[in-house]
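By letter and in written order, the chains are A, B and C; residue numbering begins at 1 in each of them.
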């Protein structure tokens, strides 16, 4: 689905390398987290996927298309990109028009437009808000409008740049649950996030980028235990993992508070292991 | 665009000059360019701005400015060539559009004038911290503080809004919005999805700034001045040189 | 230090009260975290303390807010800012100048502090925040965390007794967020500053604050020492607040009667809880409820 081969990138000839020999394959239906320090190249890598930035050398192939020779507007049919700040996209007078904008751009047949908008609005709980001005909505609701305007393009791949910033936890979970649902229906999701708990709760695979290189690329629960790599990227494992690691191999399969509590109870049975 | 106006941190001899001197230099060079019609003089003025950019350590960043100005100047030159068909014809650029000696002369003059006159203004902003400019305007030129602050802050925000605009453009392009058209009418239609988010974003930032200023005592009374702007012998020398150049432009004509 | 007497406020043009019947007292040297869902009135509360309401935002104002003994309605925003420093979410929009030391000097110049004194005050503020090495740096090239620390230094240069922050780490990465919190802890513990911070990052707040206030729909519904507030785990989840996972874990252990002690606020304390449970259980022969899910 997405194939990144020997990708390097720098703004111009004299600028330092931002991406350095990246090799990655992302298969259909994966839910991948991309984490790392600010300046590690995460957002730059995301922008390579939909052609906003072109490789300095190497190749990025998305659904068989070479991003270097394909326009972003064409790639928008395959890869939906949700930006961190919904207010960077919203400009229409009504939520309806806002969602319609992308469909018009990709030349969706007019007879299909209305139904697609209604469906997506239903999915994101925006049915009764279609005629409202997006700027009268809360930040969380605006994020959903921005998400709707991307999802309506029915792309196979969805890229999310910090989808949870600037929202309260409830709004954040609402969006993430919707995204998880879409993943279970077959969409490939790539997400950049600083929130390690969200990454632990939702993503199966995690890639750590450090100074433009792939530092780690494995199952999330494996990567989140690699303390040295996380530390190098200015990150810490989720609280429960941090706690589990302090007990050595005893809690090595623990991922959530529920897992931990069960494991503790199992050890706490009379005659169990003394720590 | 943003690089043309952003201050470049440094400690060169040019950085240390009094900001008023730099302001004077920018405006006097501009005036001298318009007074003189001598190609060689204008070329020398242009070269002098490049020397000053190098002395200030901003030459790498300034090349963008010069490139932009030359491109603009080149179009101006072509335009002018079309309207100056008199004199000895050298060749025809298009059927019925001659390139003449007077045409070439005049259009080259315009181009040199444009680059030499505008580059100092941009360089001045690269070599002067906003704060010093503000101090110079309020304490020496006696501008009312509030208005000087508005001007300086507007300039300071241009790079910020330029970055916002980049983000907005990328966000809209990711939704399939095509931004590169040559058609000027289409271009207006294309700009709209980007202007509104920029406007909203600007208003928000300005609101935050206004509140932040109020909580830092902005405009509550008389202000003290931390840095007294010095006047060294380099400043005196600079004034003499600038005035000499102006005089030279009048003499040479 | 800060006292609210029956305060309610509705923004101009709005019929709904943004905050209603707020009664609270914050003493000197406290480090208070304010959490709650969006629209709960947290920013309004902060703006009532630093004088932005009523001097910038107009509306219907009821009750009385006293800051360091002065009524905010009767003092100007400038006067209040001598006692209350403010830091907001967007670091870019708070920077007025292009060099760090100029930024810190800005407030001092506004208040006509004599030029001779300004230099030492800048040094003092930068030292308190731990960014002396950034003094001559340009502001544009700083990281988000550094920018916010400069904003904090600029706010405390005026020597306010109170510092209020409205989601200052919202746009920062985890490292930057921690830097800001460490700075605040230092200001609180070494210099006795009273700190009020609105944040969504409950895990960090639990680690650093001494008191938590939970707001919902304009009212303060929970207010007390961090541990005490975190006991109301279910209520917090209901409000959509991201409870620290170690707290969720402890609640599960309590529900299973495996543990009956204080709520841990960070991983270190949680480790002690687990050790006690494991060691304690070893000594007892009780039936444990293993159906924890």
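Simple rule for what comes next: contacts are C-beta pairs under 8 Å (C-beta built on N, C-alpha and C of every residue); 3 or more make two chains touch, one makes a residue touch a chain.
Predicted model, so just to flag it, every value in this text is computed and none were measured.
Compared on C-beta pairs in contact, A-C and A-B come out with A-C as the pair having more. Ranked by how far their CA centres sit from the centre of chain A, the chains are topped by B.
Inter-chain centre distance (chain B to chain C, centres taken as mean C-alpha positions): 43 Å. With centres set at the average Cα position, the gap from chain A to chain C is 29 Å.
Each chain gets one centre point, the mean of its Cα atoms, and the points for chain A and chain B are 41 Å apart. In chain B, the residues that touch at least two other chains are 204. Within the complex formed with chain B, the chain A residues making contact are 14, 47, 50, 52, 71-73, 76-77, 80-81, 83, 85, 87-91, 101-102, 105-106, 135, 149-150, 153. Those residues of chain B that touch chain A in the shared complex are 60, 164, 167-168, 170-178, 192-197, 200-201, 204.
Chain A meets chain C in the complex at residues 37-39, 138-140, 165-173, 194, 196-197, 234-236, 238-240, 242-243, 246-247, 256-258, 260-262, 264-270, 272-275.
Those residues of chain B that touch chain C in the complex are listed here as 6-7, 9, 129-131, 153, 156, 159-160, 204-206, 208-226, 228. In the complex of the two chains, the chain C residues touching chain B come out as 50-52, 55-56, 76-78, 81-82, 84-86, 88-90, 92-94, 96-99, 102, 105-115, 118-119, 137-138, 140-141, 154-155, 158.
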